[in-house]
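All chains are identified by letter, namely A, B, C and D, in their written order; residue positions are counted from 1 within each chain.
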Amino acid sequence: MATTHEDTLTAERAEPAFGDREPLVQLQDVKAHFTLRRGIFVSKAVVKAVDGITLEIARGETVALVGESGSGKTTLGRISLRLIEPTEGRVLFDGQDISHVPEGQLLRFRRRAQAVFQDPYASLNNYMTVAQIVEEPLVIHKIGNREERAARVREALDAVRLRPPEEFLSRFPHRLSGGQRQRVAIARALVLDPEYLVADEPVSMVDASSRAEILLVLKDRQEDAGTAILYITHDIATARHFAHRIGVMYLGHLVELGPADRVIDNPLHPYTRLLLEAVPEPDPQNRLKERSIIPGEPPSPANTPPGCPFHPRCPEFMKGTCEAAEPEWKEIEPGHFVACYLY
Amino acid sequence: MAILEVRDLYLYYETPRGPVHAVDGVSFELPEGSALGLVGESGSGKTSLGLALLRLLPKNVDTYKGSIRLEGRELMELSDEQFRREIRWRKIAMAFQGAMNVLNPVVKVWLQIAEPLLLEKTPRPQARARVEELLELVGLSKDVADRYPHELSGGMKQRVVLAAALVMNPKVVILDEPTSALDVSIQAQIMNLLKRLKRELGLSYIFITHDIALASDLCDYLGIAYAGQIVELGTSEQVLLEPEHPYTQGLLESIPRLRSTRLPSFIPGAPPDPVDLPEGCRFRERCPKAFERCTEMPPLLQGKGAGHEVRCWLLAGR
Amino acid sequence: MESVLKVILSSGVGRAGLALFALLTGISVYVLVSYPLDYGSRVWYNPAVWADNPAVKPPIWAKPGAVPHSVFLQEEPTEVRKASTGERRLYRFEIPHPYEKPPDSLSLTLTEAVYYSRPPLLTVSLTRPDGRSVRLYRYSPPAPRPGEEAPYVRHRDSPHRVDLGADPQVRAQVSAFLRDEYGLRLSANELRGRLMEILFGEPTSPEERGGPAAFRPLPGTYALEVEVTVFDRRDRIGALQAVRGGETFGWMGTDSLGRDLAQGLLFGFPVSLIIGILTSVLATLLGASLGIMSGYLGGRVDLLIQRSADVINNIPGLPLLIFLVFIFGSNLFLVIIPVIVFFSWPGLAIIVRSMVLQLREGQLVEAERSLGATRWRIMFRHILPQVGPYLLAQLIFFAPSAILSEATLSFLGLGDTSLPTWGQILEGAFRTGAVYRGYWWWVVPPGLLIVITAVAFMLIALSLEPIANPRLRRS
Amino acid sequence: MAILRKLLLRALSLIAVVLIVLVLVVVVLGATGFSDRILSSVISEEMRAVRQQLAETIRDPQELERALREQRRELEAFYGLDKPWYVRLPQDVLRVLTLDLGEARTVATAQGSKRIQDIIAERLPRTALLFTTALVIYFLIGVWLGTLLATRPGSKLDRVLSYFAAVSFALPSWWTGILLILIFYFYLGGLLPAGGMYSTPPPEGGLARFLDLAYHAILPIFTLVLVATGPLMYVARTITLNVAQEDHVTFARAKGIPEGLVRRRHILRVAAPPIVTGLILGLVGSIAGSITTEIVFRWPGMGQLYFQAVSGQPDESLIVALTFVYTMLYALARFILEILYLILDPRVRY
């Protein structure tokens, strides 16, 4: 499993500095199980959306979570924001356990951690102007007077490249394009100067030609203000360019975690490899060959297989091993972990 | 030999705010057995183009004109009834976008696939056998035939839609975003299937998508659509490797590459309001290379040689 | 809310509804300003007020050329003559009667007589166009009671009314008149029901005298004269009023009690609107707040609200409505409206809950939660505006149902009898068999007004369809 | 199996509703003292008869009074008036549930039976006749018109019928009935009868009798249809219009399916379940309409009986029994429609 192509830029960016830094967000063996009631006479089904994940995010670091629908990446992001209370495990923010604090006492945390969601058509209140939307966090946290808030709103809009801000202040969301809306949502999240930001599929509903603009806004922010970002995406290619580390999720489990370039260039888990293979790139040669694919469809999280969750679809399946018990979490190269019996 | 030839196709919708130029003078040729990708982002009119080819016009149509020739036969001269009887599904079929809502929720899968066959008085057992054959062809088990759509996953529904498109052995299949609601792993499965069908059945495809990378996975030719018009047309090699139109260039540069460390870039601004299009070139407001002429006159699609056509004033000088 | 108005105005249905609604509101405001609030008990249900009106007569516009209903009022005598003991005061009513038929009735009403020694004496006679004069009636107010002190006040609160077309005294006098003037011998009993025909006509021809008497109309100006003999100059007569009963009455006709239907119908406007608006506002408030609570708070609150809603939603409304109003009485504000509200909220609560459930899982709520917004802020600043237009559409949709429910109860005789409503007018019509006798003016207008009022709301509600049913917006 | 469980649950919840309504009615009657007042007036009435009877046999006035007091106590015990209403409640509810509905005081069947069961057995078919005939007619017309309109939204016919729908919704059935009587009975010289079920005397012979019944049923049924068609039509139109915009309809058209089949299989078939839901929601209105229509046309069914029980001399047993029967009827009708819904929509069968 030696890397084939090395690249100076890659080496520089893969500097394993983040493991040593002080973690801002610590997820410790968190689980989120939901009970699904199917009917009065039927037993309850347990959906294991997140099933024992440990992850740390340092200040100024971007961690990408990639995986397909049902992998639990969104749930994990929500747990880290305490929008969902974990069933088991702890969530530490700046050293403080926030996993079971009542909602009323979370206000200080809410000010320091923010989120951007997938659907810019659903996450903005259509009955408010852009100015009102971006100002709202300041109002909720009682920051500044009217003029100060207006100034900060203008600043935030400028930072997300809605320029000139004056042109956007009094518009309603329905008069904006998807990319512009999403930048309003980011401005709303950034106006509080958060230390931690969860960006949940922030570009999947935005036109391809505008995606990079949004991701660059986030990247600038992370570099300038040292914001820690959890970037949740199904698009592994963007993860490479905008994250320092990538975690690959499958059915509520973290199956691989490592520096972005290492995960892309030296994928360890069979799932990661197949996922990378499935990503199309604009190349006229593509049409001449077939892709290697992951057979079948992912099982429902209400019905996870025993052992390694990927074993029923895995081309490297080893009978008697993979389905027997969950594989251990191993560090294969510095900072690069995998849960697989191949190693 | 072009199986499908489209010349100056127009489709305008009437809206309270004014006409929408959804398809605005589109021309292309589709050689037999090949795949043409029509790539466009929101508001480019790519979905309307698919509907225009099958004459599935909404009630608020304002203008619908142009020429569509299938195997040399002018389709625009056919009456609605003739078009329905002879062309739809028999010659041109379409696998629709958003397989979630495309299937009738209260009719069993097999009947939805077999419907056009049964209309031609094919005996039921024979139609049933054909459905099972098609289901296997698209990689589904036979017992899917007796299920209702809500019992299937998204990927399975997309396969059913594909099987339905093939039931009458059409010459041309229009694929309208056939994978946009699916995960990449399922998307890869479907793309492989499409390639196989093309090879084995000699199908011709028009592949409508917003994802230029995905289009390259299947298409021999690519047309890039912007605001109702095709701005660049050529072979996949020409368009992907030597893009001439600034929009195509920008679009390609905005795709993040897995195997390269170059950061993707972006095209500033947003597509124009389809009711209120700018004068001159429709892309000029977002174009980094726009000059005076672009505001004055709309550029025409001009050949650059070897079938590569570009709608840009930059090329006029050469 | 601006956009809601825009939606209403964008369709013909909506504009028609809004125009109708404005008209109804205008009329209601006029009625509320110009009618006493206790109109129902003081006027509508007080038979004395309507005593002079003809019963079940169509409106004047329905029968052109018919004898109209005319009221002649005199408070001061036309002429005063001194007499040895007191005065003779003459009240003269000129009654133009150019019609080829007699009036329906003729009545005289004395309001308030005050005397100091002996009761005054009233003598009533009719002078006809042919110069003949008929003595009709004599009357003295009741004498002083033992121990009563002067001045003696009579008929202040209960006026003395005499129906000159039916009074036995008049019959006797007319019988004498026919004998003296025409030599016709008709007993007082034979004159029963024919007095108007005789007083306002003349016998057909001299040849027929002796045979069964027939009379032909005598058009011209009649004069009804009342001579009041007082025995003390201080004696006073409040007012004398003569009424010639017509074949038609007012703009909307009368009912079997002689009530002016125009008044009752007018009073029905504000009552209907108030019922419609009050009920729908209450039902919407209840349904919306329970729905939002149920959806957003979840848990036991949700279970309780949804179970109750389900039960009430599964009850056939009208039988229970009849039952409850029957048991608890028919007070409009204390029983009828609350009961209608009680049956109206569940549907809304169920729908609002499902909308809120969807919104609660939506990204806006999630975003607001992560910003630290309180539940209160999320429910009212972010969820309410999104269900707001739908609530407004429902609010308008509830109103016609409420109006119809109240009308139905009234029609079944369970209406609030302190306020006249259109339903109650119809109830009276149906109970007295007006339908089978073709009294259309009593039956058609109240129903039509109910329908028009309900339609005004319905049209507005229909025009709000794109809001209430967002899937239509795609077209 | 899943479908059976769903139906069972639905049935259980409807039974619960019937029970709750029954208890509610009995509680309201008891707690307001209504029940006691009615019972004591019943006893007083019976006591008058008893007094006359006893007066003939017992001569001694003191003896008579004692015997009367004794009788009264017995009667009070018999009717349960010696106990407070909430003690009687479970018994009352149970009695009604076992369909022992008691006796009516003022109403009787043609044969003279005063048992409420017999009375309802006599009246129910008459109500059912009106109600179901009207239901079938307005369902057919409403759905037909509504789906027809959905094919041409915005047309002149569509606009005219939108207004008709609004008016139809706003028409009280009783006033509509009155208008029809005015027109067809009064102005058209008795073209159609003003009320009742049969002419007096009713014609002999099965067919003549049936025709006479049909002749009398025309106006009430027409009334119910007129009032209910508009709203249903509008609901059907809206739903069909929504379905017609769905992607699967375009898909069907793309397949070259002729328009008629697209309409039947891909629009109407899909619109059918929600239209049934609309019908369920309209059921309450239909029941209300049938009550007032019976009153207006003096149709001797359940609605008129209910009106008699409430107005004039109130009859507690009759009120309780009829409320109970109406609730049951409604629950039953609703249940039947819900079965229909389940049959029509494969999505909820699981």
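Operating definition for what follows: contacts are C-beta pairs under 8 Å (C-beta built on N, C-alpha and C of every residue); 3 or more make two chains touch, one makes a residue touch a chain.
None of the values given here were measured: they were computed from a predicted structure.
Engineer: Going only between touching chains, how few steps reach subunit D from subunit B?
Structural biologist: 1
Engineer: Taking each chain's centre as the mean of its C-alpha atoms, which one lies nearest the mean of all protein C-alpha atoms here?
Structural biologist: D
Engineer: More contacting C-beta pairs: C-D or A-C?
Structural biologist: Contact tally favours C-D.
Engineer: Measuring from the mean C-alpha position of subunit A to the mean C-alpha position of subunit C, what distance in angstrom results?
Structural biologist: Taking the average C-alpha coordinate of subunit A and of subunit C, the gap between them is 71 Å.
Engineer: How far is the middle of subunit A from the middle of subunit D, if each middle is the mean of its Cα atoms, in Å?
Structural biologist: Going by mean C-alpha positions, subunit A sits 59 Å from subunit D.
Engineer: State, to the nearest whole Å, the distance from the C-alpha centre of subunit B to the C-alpha centre of subunit C.
Structural biologist: The mean C-alpha positions of subunit B and subunit C differ by 70 Å.
Engineer: Just give me the whole-number Å value for how far the CA centre of subunit C lies from that of subunit D.
Structural biologist: 32
Engineer: What residues in subunit B touch two or more of the other chains?
Structural biologist: none
Engineer: Do you know which subunit C residues sit against two or more other chains?
Structural biologist: Residues 475 of subunit C each touch two or more of the other chains.
Engineer: For subunit D, what residues touch not just one other chain but two or more?
Structural biologist: If we look for residues of subunit D contacting two or more partner chains, we find none.
Engineer: Which residues of subunit D touch subunit C in their complex?
Structural biologist: Counting only subunit D, the residues touching subunit C are 13-14, 16-17, 20-21, 25, 28-29, 32, 34, 153, 159, 162-163, 165-167, 169-172, 174-175, 178-179, 181-182, 185-187, 194, 234, 238, 241-242, 245, 281, 283-284, 287-288, 291-292, 295-296, 306-307, 310-311, 314, 319, 322-323, 326-327, 329-331, 334.
Engineer: Within the complex, which stretch of subunit C touches subunit A?
Structural biologist: Touching subunit A from subunit C are residues 362-364, 366-374, 377, 381-382, 385-386.
Engineer: So in the complex, which bits of subunit C are touching subunit D?
Structural biologist: These residues of subunit C touch subunit D: 12-13, 310-311, 314-320, 322-324, 326-328, 347, 400, 404, 407-408, 411-414, 426, 429-430, 435-438, 440, 443-444, 447, 450-455, 458-459, 462, 465, 469, 471-472, 474-475.
Engineer: Which of the residues in subunit B end up touching subunit A in this complex?
Structural biologist: 35, 41-42, 153, 155-156, 183-189, 191-192, 195-196, 210-220, 235-237, 240-241, 250-252, 254-259, 261, 263-268, 270-271
Engineer: Would you tell me which residues of subunit B are touching subunit D in their complex?
Structural biologist: That would be residues 51, 54, 56, 84-85, 87-90, 93-94, 96, 98, 101-107, 115-116, 119, 148, 150-151, 161, 164 of subunit B.
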